[in-house]
Amino acid sequence: MTVNYATAAIDKTSVMRGLVSTQRVPLGSEVYNRLLETLYDEAAALDERRFDDWVAYLEQDLVYTAPLRLTRNGPNKDRDVVRTMKHFDENYASILMRTGRLSKSAWAEDPPSRTRRFVTNVRIAQCDTAGEYEVVSYLYVERSRFDNPDNESITAERRDVWRRVDGAYKLAVREIIVDQSTLGMSNFAIFL
Amino acid sequence: MLHKAGLTLSDGTTLDDLINRDMNEVSLRVMNDKELYELEMERVFARTWLLLGHESEIPKPGDYVMRDMAEDNVIVSRARDGEVHVMLNVCPHRGMKVCTAEAGNAAAHRCIYHGWAFRSDGSFIGAPIEKEQMHGNKHSKDELGLKKARVHLYGGLIFATWSKDLSFEDYLGDAKFYLDQLFCRTDNGLEMLGPPQRFVLPCNWKIPGEQSGSDGFHTLTLHRSLMEGGIMGGTAESIYDTAPGMYGVDISVPQGHTLRCLEAAQTFKMFADISFEGKTTEERLNLLTPPGVTKDMIPQLFKNLSEAQVNQLATIPPQVGGMFPNILIAFIFAPRMDGGASGALSLHTYVPRGPDKVEFINFIFAEKDAPEDVKRDMLQNAIWSTGTSGTIEQDDADTWPQIMRNSRGHMSKTMTLKYQALHGHERPEGWVGGGDLYPGFTKDDTQWAWWSAYYDLMAEA
Amino acid sequence: MTVNYATAAIDKTSVMRGLVSTQRVPLGSEVYNRLLETLYDEAAALDERRFDDWVAYLEQDLVYTAPLRLTRNGPNKDRDVVRTMKHFDENYASILMRTGRLSKSAWAEDPPSRTRRFVTNVRIAQCDTAGEYEVVSYLYVERSRFDNPDNESITAERRDVWRRVDGAYKLAVREIIVDQSTLGMSNFAIFL
Amino acid sequence: MLHKAGLTLSDGTTLDDLINRDMNEVSLRVMNDKELYELEMERVFARTWLLLGHESEIPKPGDYVMRDMAEDNVIVSRARDGEVHVMLNVCPHRGMKVCTAEAGNAAAHRCIYHGWAFRSDGSFIGAPIEKEQMHGNKHSKDELGLKKARVHLYGGLIFATWSKDLSFEDYLGDAKFYLDQLFCRTDNGLEMLGPPQRFVLPCNWKIPGEQSGSDGFHTLTLHRSLMEGGIMGGTAESIYDTAPGMYGVDISVPQGHTLRCLEAAQTFKMFADISFEGKTTEERLNLLTPPGVTKDMIPQLFKNLSEAQVNQLATIPPQVGGMFPNILIAFIFAPRMDGGASGALSLHTYVPRGPDKVEFINFIFAEKDAPEDVKRDMLQNAIWSTGTSGTIEQDDADTWPQIMRNSRGHMSKTMTLKYQALHGHERPEGWVGGGDLYPGFTKDDTQWAWWSAYYDLMAEA
Amino acid sequence: MTVNYATAAIDKTSVMRGLVSTQRVPLGSEVYNRLLETLYDEAAALDERRFDDWVAYLEQDLVYTAPLRLTRNGPNKDRDVVRTMKHFDENYASILMRTGRLSKSAWAEDPPSRTRRFVTNVRIAQCDTAGEYEVVSYLYVERSRFDNPDNESITAERRDVWRRVDGAYKLAVREIIVDQSTLGMSNFAIFL
Amino acid sequence: MLHKAGLTLSDGTTLDDLINRDMNEVSLRVMNDKELYELEMERVFARTWLLLGHESEIPKPGDYVMRDMAEDNVIVSRARDGEVHVMLNVCPHRGMKVCTAEAGNAAAHRCIYHGWAFRSDGSFIGAPIEKEQMHGNKHSKDELGLKKARVHLYGGLIFATWSKDLSFEDYLGDAKFYLDQLFCRTDNGLEMLGPPQRFVLPCNWKIPGEQSGSDGFHTLTLHRSLMEGGIMGGTAESIYDTAPGMYGVDISVPQGHTLRCLEAAQTFKMFADISFEGKTTEERLNLLTPPGVTKDMIPQLFKNLSEAQVNQLATIPPQVGGMFPNILIAFIFAPRMDGGASGALSLHTYVPRGPDKVEFINFIFAEKDAPEDVKRDMLQNAIWSTGTSGTIEQDDADTWPQIMRNSRGHMSKTMTLKYQALHGHERPEGWVGGGDLYPGFTKDDTQWAWWSAYYDLMAEA
């Protein structure tokens, strides 16, 4: 079968964004607060380039992806998330290889970017599996490189599944839905 | 036949000042000159063939994708007749885009500004209120269609050109023998796995362009992490001794296309203990199938390629290279530890977006007949290595803009790019394919061939 | 009478920004949490272009406006909100006409923009009318169109009144105070 | 009288290459050419009259607003003597802005850099430490005032020009007969309801400019939602049959000003069942008062306009149009379902901000004598339809940058804008006003008149 | 001794960023909520240019600094905070002189910038001194001047110490860690 | 000796059209002209000496900082031999940056693209895989080093130039007598307290440049808050009467360097009641030590400076000024209320980043022998007054871009900057130093000297 993202027929899920589950975890509840705290701590680990700390948040069965966005019009105008192609298509092992690389000769991040990950609009719901939570957050990243006074930046929605594992929360699924069809960022040598 | 008028910039600089063919040096200034850029649009991008996509993107009549030929936005569409058409996405009425989506399916494209409508082959249907004849009386309807480019499909790849006379065969030249091994080896050919990754870099198109002329040497240092990762022969410590992947046969043709053919057996340490000596082509192919090709597809190779071509594919296959002016080929072996299907098939185009910006377009493929799980692995491999987040090409994308930054300096722009480690043509015994051949350690010959092709086109008024 | 925004004399309210009421609703309180949750849900509805869901948040007596900002100096330097002229001047009916338009031939949003509405710095107070809350939020919107790698963006303060209506909160008043005198955004075909 | 030296760009392109007056075609390249842009600043914007605002913005002595004449920042101020002055906001000392606010009231403007001070008529007061004479000894004080532009008030609208000789009457020409009906019809004239909406679009000023030459036809398709909204005659399905608002009388004058006169009765379905046949001017005006005019103001119309003018206003009033080079007029009927006052009075200027940027300035008006609730409705109507969030002009603002994008392509920029659906001048019987008249379906005549005026100015060295 | 920021040897603290104390104040706790509320109120005071209100948040022993960032590579790549040089080096008295200046002829802010301070990712911990809290926040500031449609902006991490003083919280220490080596903002005439 | 070929822009404008030496006026257009900018890179920045930093930044062998000579990125490094070298950060291979950090210590710089390596003096070591000779055979290794600039250390300040012949002495000229008093007065000289503040402003480099030619007059108005702060003589009300800091002796030399010498005793009201009359140099120095100098360091002044120099330093010291083309000197007295060490020592360079951008670099110093607490105060004083958040220079940084904005207007760019309040050379009796002297109220002489130096360089082909 041929993937035909061009026509309306394909990719039923292409419009799916945001929160799916309806069993909402109320903002301000204990679970919500701990998860929000975790998202902040995770962002700090990445912004401070403590990659080992970051990897500690990841589950072994991690699925970490970033689908493409495609500009469409008319009846298909909202079906703009293309999951046949991705900017990231990672699992736990491939993430480890990426962080390992960053500790050696990864010139794309040596010298490192000065990054700032703003996490807002966090919405949480329970998954069908007990102890798993669907966490949707908005992400705005500014990235400063070298002595360039103009930063690169990217905005995205992150659709995560966080899993409660002995007292802490770990990341089992992350889908990063970027907001551009053609990225203004030179590369994704940073994690989102 | 055009006559050679040469090229002189308004400050008196000539093409020979910029490209010194005696010394094999190119002035860094070429990367940052508005005037030169305008000439490139005319003499390079409006004259040669350009890669826009693959027909598997638009299987049905009415399917279209929006692409760019340099800075000209075009619609690539499959018409009712099943033919692929490429037409300028500029309304003949007042210049609006006739198509506003990146992909879709439409029997007709109606311009949203005043409603002029066009068929999927670009022909003009009419303007609203037919009786008022709002398309005027100075042009007949058949003069009012969208501007068409010439189209050629090669291995399903969609090429187009504004040139009236350049044949695709002349464009390919002797590169065909090698490219067939990559694009035309299986019964149903390649399939694009999804829309291309697209991102923009702050550098001139020729910075990635000259690298696409088979710059193998930069792999050792810029892509050092490849070795550190332990995939290739050697380690971080030993790479400068073992120089993995640096030995093979480089190829160029006068059209500026280049390829690097590597003995896969030598490239990856996992094969180090396997000898290909005395093995038949078939045995070799079974030991190390070309990326994306499954064992049961091997018979297709024999069917679609000449014996000489299969033989090369089995022994010292083309893996990376480029097609002039702005195509990079990465059909690479990339063994996986987890036993998944190995290798990645990806093509890039570096599309000019002004003198100081380039769009990096990453097309990712699999063999259409491969099973879904193999396609899935191929996709993952390509994303892992190339494009947006590619652990190899991240480093390129971060390096190129720094060269661009240097090209701004008054003193810096007088510095030169040097291509002075030259091997010179030498035909390995028993080699069948054509072109200029550079066996041994990868040097500057192929990149200089890229600049020579650039010179030839730019010198023609 | 002639409107004379040029001179100091006019537009007494022109300096008014931020929170007015002093009966503060504490951050973390139940009311605060529900309203913040509502703002996040509202942003999601707009970013996901679920306009019917969004309209469901609106009260029939909605007043939805966006005054101009004017660069002034000297003694008038802080009196820079001009309410004699607006970027938006809407009521419930006019909003319905706008959302209705978006479902048909609204080329300005077809193909749609990919938008991301970051909502932060939310401060809440009780209004004099019971069950009504003054909600001030900061809004940062990025907007990506077509295959343009450069987004347009806008920042603003939103001074809302949300009203408690059988268990939920509905928007009765929104004043959008943009932070530019000359907008860098090509149009306001999106809601803020 | 200037002699015609024509225009030739550095690559040899002539004005006639860009604007083909035999074919009525304009090269898309004109939208993206830095050199041409510089010439426009000199030959168009420094030579013609430009709209800056309305005197109701600055009622008191010392009141001022900051505006732009193309890229020249100016202070529009009312001096002690009550006169309106327009002066360059460039300090004669070292080029700093003498005024840093967009609006205010000041007896004098003191430059913050070194303190030179100027009166509200632009005349120089002096530099700090008078005894040190820091303004030097090469110019007398009266030579050191701010550079002044010539000013003319028309219906309270503030126009200014750098031209030394062009009279405002010659600038208006035969358009005056029609424009009086919009700007000069009531005793106390128009009032600007607040400072203008301002926003910047990524396109050349001529893209909105050529549309302001009364492009009626785009309404049917680009503003399709107007019909879908059901305000105008016809429905989404039928618009291409009924073509609401497409029939009327278009007007142009050689100066490049254009207008579309529409029989309001035909335009809006709500009036479809009312016959204007045999009704007196007064009866007609009472049936359908001009936008913003209340019934009790109707006698003012007779007082301020000639019989012929009132008669036209009552029958087939000018509604939309433009004044060359960069003014759009939208004095439109826009009935409200809720019974509020109908219509909107708005003027735009499209101010160049470089070859690839334009500032859209939206001035919104009401009749000064109208009651507050009517003014309030007029404001809401204008905001709803025009400018920043206008449901009509949103679509224009999104379309123009796409045309701009197309103008960058090497092949695309050779494409042309076409004005080939021409009606030609034809005087309807009993028509009183002057100018070239194009009765019937709205076509390309007026827009071509806009380009002809552009051609005439650009051809003069 | 000569300051030698060039070599690896110096400035042991140059890698220090983010939260230091480990006695975490949980997100959602009373202390956290009051401090977050205070940060929002402080941002509002600055954005609304109520400088007297802002000064009221400051302690007399205030230390308010903004170190430089320096692009470094190899083994020193993360040691990029340079505290030998600063963009701000203020105490209570010098801040008062700055706010005093802003009420007179401070042309750099007259006419004023229209600013918007987005505060997110707030993380809090207890200091060793009772009643003192280490508060780390992310700051994104957009700044609009005159009729310029293009804003200037800056991102930074703020490492504060807030002190509980009779019922309220006051700022004792603020270190602003900007994310650029070469600033894209024309000046720091605004507070961060 | 170059012959004067003058300068003519492509539209025929000559240097004399832009800089009117009879009227002492400069066209605002010079601030916004791409063509002129390119010529400045060649004729000004590639020909004169440029300030890059201070040797205290790189004390150890291998220490380096990355700086810019106009738009040319350079490595300033201390080599094994202890010498300071300045070399272009452009790889001779393919133009990549050889160094990617702003500061560090490295025995060798290895380019990350293909691995060419260079010593800390810029000399070429080699390319990876020595046996393959990847640097080619057209250049010997010693031809493949990084492009070097000539270097001169003055008071530890690192200057470099691309000029082959201009000696540093000829560059300084008579300014040396005065500059020694600032840079060479103590035994161990100055120390840079940390890496420079760096920020970019949207204006042409000559807008801060011409101001750096000792524009004293703008202080009264633009820096009015200085007086309001009450540090200087006078108050907000009285400044235009007392004009604090406006009286002294301004100095210029033909090379374009300028200085303002002020009687500190007059400048600050805190000293108003102290008479310097009849006091010895030593007594004066003890009453008011130069900024950053402690009382116990006073003997060092006598040791390092001539009697005439110390005498001036004690009486009417140079405080602010500039060195052509883009250096501002602020060695200012700034008494503190809290008794901390007074004054600030800061130098700026205004580095071009294209015609419409400039990088403001702020170097902050203390006397190396000063105690840590004094250094700490000096740092705080400098940060408080100058650079990023400087309460004085904030206002400059906000003013310059507005002048830039004005330079875009077609009419505005024909306006002129005026330097017509001229005092003319006059030697105060007993004055020892050389140069042109302008005693009394600060006027336009020094800034005109800056433009004259600019004219001289730009006029030389």
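Note that the chains are named A, B, C, D, E and F in the order they appear, and that numbering of residues resets to 1 at the start of each chain.
FYI, a residue touches a chain if its C-beta (ideal position, glycine included) is under 8 Å from a C-beta of that chain, and two chains touch if they have at least 3 such contacts.
The shown structure was predicted, so the numbers you read here are calculated from the model rather than taken from an experiment.
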Distance in touch steps, counted as few as possible, from subunit B out to subunit E: 2
Recurring contact interface, reference E-F, options A-F, B-C or A-B [over half identical by residue number]: A-B
Subunit D against subunit B, contact positions shared by both copies (same if over half, else different): different
Inter-centroid spacing, subunit F versus subunit D (mean Cα positions, whole Å): 49
Where subunit C and subunit D are represented by their mean Cα positions, the distance between them in whole Å: 30
Multi-chain contact sites of subunit B, meaning residues that touch two or more partners: 10, 100-102, 112, 198-200, 222, 395, 399, 402
Multi-chain contact sites of subunit E, meaning residues that touch two or more partners: 28, 71-74, 107, 110-111, 118, 120, 140, 145-147, 149, 181-184
Overall pattern in which the protein chains touch one another (line/ring/star/complete/other): other
Every chain pair meeting the contact rule: A-B, A-C, A-E, A-F, B-C, B-D, B-F, C-D, C-E, D-E, D-F, E-F
Partner subunit C, residues of subunit A touching it in the complex: 17-19, 26-28, 69, 71-74, 77-78, 80, 118, 120-123, 136, 138, 140, 155-157, 179-184
Complex contact set, residues of subunit F against subunit B: 10, 38, 41-42, 45-46, 69-73, 88-90, 92-97, 100, 110-115, 127-129, 132-139, 147, 162, 354
Subunit A - residues contacting subunit E, complex: 28, 30, 32-34, 36-37, 40-41, 43-44, 47-49, 110-112, 114-120, 140, 142, 144-151
Residues of subunit D touching subunit B in the complex: 10, 23-24, 28, 31, 210, 217-218, 220-222, 240, 243, 246, 395, 399, 402-403, 405-412, 415-422, 441, 443-444
Of subunit F, residues touching subunit E in the complex: 56-60, 62-65, 100-105, 191-202, 222, 224-225, 228-229, 236, 337-338, 359, 364, 368, 379-380, 383-384, 387-391, 393-395, 397-399, 401-402
